[in-house]
Each structure stands twice: as C-alpha cells, then as structure tokens.
C-alpha cells in the first residue's frame, strides 16, 4: 500500500472546521471564480472564431473554392490549389512519418531491453523524443532547408536551361520545336550529348503534343512550304533551334530536392514525428498487459504478440494520434515558409514530387498581408475552410476513439 | 476502459508457430524497430549539427565576437548593411522573446490552471463533456489565425485603452500567444489533477474540508510536479512560437522592459530575415542560424527541465 | 497524448461533430470539384487565335514589389498556355540577381537597375541578359491621416528625418512650428529595392532605430497606428489605404513645385525624384526556349494594361516603343543601358539613359512621337 501523501498529512482539519461559515463562503467564491475564468477562456477562443467567421463568410463561395490566387481581382481569387496542396502534403507526411513513428513507439513500449546499458539508451531515446516535441517548428524548417532543399550542395545545384541535379526516375527530356505552321509543337527526345539546345538539320525520331511518335519532316525555308496541313503539323524548319523541356511523371525523383513538395513533406514529417511517437506510445500503453500475457502464454514471440495482439488493439488510438498530428501538420506555416518560400501564385495543386506547392496557412499568411481589404476578407474565408477541414479530421479522430 | 474490447482474432485462432525461423526474422524486425527509435536520436544530432555548421559561418566572421553576441544589447542585423558597423548582441531579441513569453504566461498559467481546477474539481460531468472537447478543438487552431487576431483585434483594443501602445507591441503578441497556450496548459494540468487518486479527495472531505480546501491544499500540491511541467512546456511552446510574433510583435529589436513597444523576438527575427531581400551568404543572413542555435538551446533546456520534473511525478503515482 | 498543444481529445459523447464535419466535407467537395472542371473548359475554348500548346517550366523571382506584376501575367498567361508552369517568387531584388547569376531562374524582376557589381558577376558566370522596364512605381511618403502639420516635404527635410547622420528626434527638430513629439519612423527592409532607391535619393544610408519591415502592409498598419509616425513605400500600398494615411507632396528639386504621387504625375515624371521604373531581367539563354519567348511576349503585350490593376503606373509610350523594339530583337539589345562599356554606372535620369536621348532632345520631342531610331 502507498503511504499517506504528504499533502494529506499536512492538511489541518481543525483549522478547516473551526470557521466553517467563512470557509463555505470562500468555497463558493472560489467556485464562482473558477467558473468565470473557465468560461471566459473558452469565450475568448470562441470570440476569435466567430469574428473570423463573420469577416470571411461573405467571400466563401464556389469560385473561391475552385479558383486560384488572382493578384488583379480579389473577386476571382480562390484557394483551390492550396486545398489540394495542403491535403497532398499532409497525406505524404502521414505516409512518411506514420510507419517510422509507430515503429519507434513499438520499440519503446514493447521491446524494453533488459541489459542495463541498453535500458539507459532506451531512456535517452524517450527523453530525446520529448525534447524533439519541444523544438520550435521554425528550427525544423531550417533543418529542412539545409538537409532537403540544398542537401548541403552535395549533389550540385539546380539550374535552368540545362541538365542539372541527379535524376532517378520519372523524367523525360525533349527538345521542343514549334512546327512550320506555328500551330503545334513537336518533341525530339534528348540524346546522350545532353546539350541544352538542338539545331535540327536532319530527320530524327520525334513525338507530337500527345507524345505519339510521328514521322518528322524537315523543311528548308529556301524551298516552297508544304501545303498539306497534315504534313505541315509535323514539319519543322531546317536549322530551327529547339530547347530543353522536361516532362515529369508524378513520381519524379531527383537530388537535391530543391524547394519542392517532397522537401516540404519530409520537413513537416520531422515536425510531427515526435507527436506520433508519443501518441502511439500512449495507445500501446493503454492495451491491458493481460492480453500480452495471454498471447505469450500461447507461445507467441514478442513480435508476434505485438503484430497480432497489441497493435490491432491499439490501432484506433494510434490512428487518432496520427490524425491529430496531421491536423498539426496542415496548420503549420513556419517550416513550410522556410522551405518553400512564400510562393502563392500557383494555378494547380502540386503535380509531381518535385513540384512547388501552395498550402493553406501560407496563402492565409500572404493574403492577410495584402494591402487590399478584400484579400484580407479572403484570408478570413480561407481560415474558415482550414478550420472546417481540421474539424473533419478531428471528427474522424473522435469516431475512431469512440470505437476503441 | 478496455472492457468492451473484443478478443483479437490472433488470440482466438492460436496460429503461432514460434519456430527457429520466426525467431530469426524477429531479430530482423526488432533491429528495424530499433533503427526507427534510434533515428529520432539521429534527428536531434542532425538538428544540432546543422545549427552548428550554419552558425559557424556567422560566429567565425571576424566582425562577430561571442562575447558581443552573448552580452551585447544592440542587434542591428536587419538595419545595417555595412558589416563593419553591424552589432550582433542577442539581448534585444532575447528580451523581446522574454517579454512576449512573460505576458503570454501571465495569461496562460493562471487562466489555464484555474480552468483546469474547475474542470477537474468543480465541473459537473455534463459541463465537462462540453467544455473539455471545445477547449481541445480550439487547441488545434493554426497559429497564423492567432496572429491576425492579435493584429486586427487585440492591438487596436490596446491602443484604444492607451494610445501609448505601438501598433505592433509585445503586449498584443503576448496576449495572443497566451490564448494560444491556454488550452495546452489547461489540458496538461487537468491530466495531472485528475491523476490524483479520488481516495485523497474523499479523505479530505471526511476530515471536514471544503472543495476549495481539497483543490488548493491537497490536490494541487499532490499534482504539483505535473502542473509545473505543464507550465514549462507551455513556456517553451511560447518561446518557439513564430507566426504570431512575426505578425504582431513588430520588427524593431528593442532592449527594454516596456511591453508597449515593438519587440522583435528570436523567432520573429528568423522569419523576418528569411522574408527579407537581404542577400544570402552575408554574415547578417547567417546570423539567423546563430539566433536559431540560441533559441534551440533555451527551449531544449526548458523541455528537459519539464521532462525531468514530469518523470518524478510519474514515479509517485504508478 | 498529453503532450503537444495540437493534440486534441474528445469524449465519445460529443457526437454531433462528426456529422458536422462530414457535412462540411461534402460541401467542400461539391463546391470544389465541378466548377474547376468548368473553368478549365472555359479556358480551353478561348476565342483567341490558335497557338501551339507549349510545355515547360518558367522560373521567375526577384523583387517583392514587382512580384504582383509577374503573378498577374502568369495568371493570365495560364489561360493561353495551360501546360506551361510559371513559378513567381518574391525573394527580393538582390536575391533575384543572385539566382539569375546562379542560372536558377529565367526572369529576375527588379525594382532598380542592375548594379555594376552584379553585372560583373553575371558576366563572369556567362549569363547574358535582356533589360526590360515594365512599369513605374511612385515611392510614396506617408503620414497618419490625423497629421495636419506636414504640408509638403523637401528632399533636404527627408534627409534630416531618415539619413544616417540625422539627429532629429522630434517633429519640431525638422520645423519649429511642428509638434514637439517624437517621430516614429517606418521603412521597408534593407534588402528591398525600395530601401535602396530611397537611400540613393537621400544620398546615403538610413539611420538606425527605424522600424524596418519587409511586409509593406505591416508598414501601413504601423504608420496608421500612430499619429506621429512617418513612413514610405510603393504607391500601390498607399492607394489601397487612402482612408488611413496621407501622402505628402514632395517638392520637385527641378521645378520647385510640390507634387503628389498621382498616376499622371508619375507617368509624366513630374513626381521626382521619387518615381522609379521597375524592371524584368531575362536570361538570354532562356530565350532559346519557345515557352520563354512566348511568355516574354505575353508579358510585354499585357503589361501596360495589367500594371494599373495591380497598383502601378504604365510607362510612357515612347519608352514602350523602345521596349517592344528590345524584345523583338533581343540579340542586339543585350546588357544594361544604365552601365557604360566599362561596367560603370552612367549618370542621368531613367528616361535619358533608357531612351538614349539628351535632355534637350527629349524636351523638344513630344512624348509618344519617339520612334525606334535612337539606341544602337
């Protein structure tokens, strides 16, 4: 049995009961104070939301949700790219940090070593994770900038007009030519020379706009121009110069990452990793040890127990933590600002891993800075959308928690 | 809590085959898990290395001295481009950070703690079921939102109250950061208070104590280490808060105690420097890594302290 | 879970949130999905002459002042060439040139001409460039709207307020009839072209103790928040905040007349010395690419009308004639017109240097009558 806590030992009942009436009155006052403070804390926070909803609700319409930023006309401006950007970024983040975070949590909770030194290490990891959760997110941003964006310049710099960086997959390079009738473009695949431009003198394998192979015709401007529009659409002038154009697949991968979606996602993953680890640990801790013991009693190894008993039982808790961490990621502005810069003029969501990306907090930050009053209203409207999205995510979290 | 949990299918179906190969593959799996856990240490190491490497470009400059950095009271990295004349003394930024954080804590600590006491000791079940989740929903609001709250509502309010307030001032940023930290303090403190066994409360009542006696004289002291660690965590969160101060605290690094003045904080300076048109590669640019290093060290110490206190408290009640 | 502030806990009883959330989500999807498809269709069926569907990726960076122009052009260009992606950054004029030197970008937008040092570095890096002015910006000196004592300011007085060696603390130090209250000074950040331009006009660096902010809107908020403040920034930001701020007429040193930063005055160059041209610098090598050529052409075609929508003033028509000439024949017009053959800075006003006219010739020739004969 536990000892009587010190606080209880020092409590003097005599003093308390002597002036009962005074004590009761004080008690009532204290309760009123607590109620007042408690309600006002929540009232302040709701006041904030209501004032923003009031400001932004008039701008919230279909155009706003489907258009992109328009520097000329706030009425045509929208946040579609940022919604897509935030959702994709957040999903990538979860894909990257969830397995690592859960694995670390499983190791910390289920595989506590017996060796004294390993146990020390274990404690160190635990402490370290708590500390990581306290590191300001802007510092993670700086880490992302040097580690992911520039990669310490180990892999060279990214340059326009020439082949740069180290590519792995998902990219094709062509020379782009405008046809003789100025109506279409033709792509000639780049060869081994990797020159930045190509002067076309003789027929080469080529593709049309939709990347179907075509039979390329070369027209010497000294001779009469072909008249057949069909032929003309695959004809280029002799001596024309085509320049490098890069066509990316969504999985395009290169080093260094540059200010790209992937760099931002990796940086944000670092921000939310400690949160996921801590949440998963709590979920695993909540699984009763009797279940582990039962499993072990039937001859399961520790990993089998974890894999088939503990993890499934803790899954709702783990997912809840993961969703809440993603909520943090979607609202985080500082690290994204450091890694991607404040580019908001993108017309679409990110199209490949190395594409630039606009996110909702960055858009809000930029709009609220705009001198035009209407853009500031748009910022409020964007806040409504962001908070609504967070509510959706949190609702899923509640649902999952309800099932656990 | 887990009473309703179905028995996992694995337990029902008994499909375990703990053969030698399972044990061998288990070793691989454990190694992988361990790698992930150790990866987090690697992450810390990377952060420290990055900060040291980049700030070396700053500290190794002949125009920067460590003593000036640690004890100087003028910070002009954003104002002066002439390297001979720039002064890098971190105190204006540090004092700005401390002013904002101090004001924030003046709000977040008492309000958070009292709200927590209310929730754990006084509130009826029904009230708690509404208040707690709402407070926690509000904890998820992005910080950018609080920044605009500070600029658009708090700051004009303060100026109406007293015209001596600057448009951008430590107070409005501090209030916003305080509101931001409030749910954090409240939630963590409430956890600590509810962890105190009910038997203790019952004991106080049996001795004739009132609810206030219970809350202030017994429950709070018993949960003190948890409450303090909650406060420290909120403190380090406020130190590292970036977007609110970037928007509301102003951009003038002032070394003063006056909360009505502009006060650039360390995080505010980092963002301002990144936003600035100042060219990369200058000593002024690298000074941001020096500031980031200082910020990292301070928050690291605060969280470490919070964790150590928290650990002590865990030993008491488990 | 008891850790981060972002972690939220809910009790299972709090059931109506999921429903609300799901409703919100469907509203989002419902609104977001379909109209975007419609707009796409609308863009595709543009009533313009058919153009080849180019592809590519164009990188634009530089001055945050010029950035809205680049963004607006990119936005409109997307309706013509939907497959060309244009990224417009605003890392600052200096960093824009730095990135142009590093060949990271195709277009560097600048709120000042290239400096001799930058031109030297560009040359060393083997980057040839094209210099294209795109708009005028009036640098506006503003005070709080309740400030009724400052009627006009001369450059000399501005020096007393802002220059590095200035000692004035109170308004009365500038003019004894003004109130004996401390001045609150605001200015754009040191790296910005606006800061540079102001320094150039007052002939030196700025003093310390000024609130510098990269964010012009923060300057607006700052100046409008205190009766005794003064600041300066681009005319666009002033026009959007006329209710809170008052622009000060600046005495033109040549004519002695105080002029307000109005569009016409800026276009005619009467608002001197605080009206300045904004530029785009193009990497010559990038012009090998069809999409870059097409974008530059589009930029020049749309700029005169478009710059007015984002708060700047269009260039006089003789300058515009020259710009068209430069873009039509880039190879013959490489380099900066503000630097001489040795890479040193030329003396003279923007119009004199850019049009290559002497002062006398300019005053004789009526605006707009200039043809493309001067120059090389």
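Letters A, B and C mark the chains as written, and numbering starts fresh at 1 in each.
Throughout what follows, contacts are C-beta pairs under 8 Å (C-beta built on N, C-alpha and C of every residue); 3 or more make two chains touch, one makes a residue touch a chain.
These numbers were taken from a predicted model, which means no experiment stands behind them.
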Legend entry - Contact distance in steps, from chain A to chain B: 1
Legend entry - Chain pair showing more contacts of the two, A-C and B-C: A-C
Legend entry - chain A-chain B separation of Cα centroids, rounded to whole Å: 21
Legend entry - Length of the line joining the C-alpha centres of chain A and chain C, rounded to whole Å: 31
Inset, instruction - Go ahead and note the Å separation of the Cα centroids belonging to chain B and chain C. - result: 38
Inset, instruction - Would you please write down the residue numbers of chain A that are in contact with two or more other chains? - result: 130, 133, 274, 324, 327-328, 331, 342, 391, 394
Legend entry - chain C, residues touching no fewer than two other chains: 2-4, 6-10, 14, 17, 91, 215, 218
Inset, instruction - Can you tell me which residues of chain B touch two or more of the remaining chains? - result: 137, 140, 183, 233, 237, 247, 275
Legend entry - Residue ranges of chain A in contact with chain C within the complex: 61-63, 65-73, 80, 83, 130, 133, 157-162, 176-179, 182-185, 196-197, 209, 241-247, 274-275, 278-279, 282, 321, 324-325, 327-328, 331, 341-343, 345-347, 351, 355-356, 369-373, 385, 388-389, 391-399, 401-402
Inset, instruction - Would you tell me which residues of chain C are touching chain B in their complex? - result: 2-11, 13-14, 17, 63-64, 91-95, 98, 184, 189-193, 195, 205-206, 208-215, 218, 221-222, 224-227
Legend entry - Residue numbers on chain B that touch chain A, as the complex places them: 1-2, 5, 8-11, 14, 16, 18, 22-23, 26, 29-30, 32-34, 36-41, 43-44, 46-47, 50-51, 53-54, 110-112, 114-115, 117-119, 121-123, 131, 134-135, 137-138, 140-149, 153, 179, 182-183, 186, 200, 203-204, 207-213, 215-219, 221-222, 233, 236-237, 239-243, 247, 267, 270-271, 274-275, 288-289, 292, 295-296, 299-300, 302-304, 306-307
Legend entry - Residue ranges of chain C touching chain A (in the complex, touch as defined): 1-4, 6-10, 12, 14-15, 17-22, 24-25, 28, 31-32, 34-36, 39, 50-57, 59, 68, 70-72, 74-75, 78, 85-91, 102-106, 215-218, 220, 236-237, 240-241, 283, 285-286, 288-291, 306, 309-311
Legend entry - chain C partner contacts - residues on chain B that touch it in the complex: 76, 78-82, 129-130, 132-133, 136-137, 139-140, 151, 155, 159, 163, 166-168, 180-181, 183-184, 187-188, 191, 233-234, 237, 247, 250-252, 262, 272, 275-281
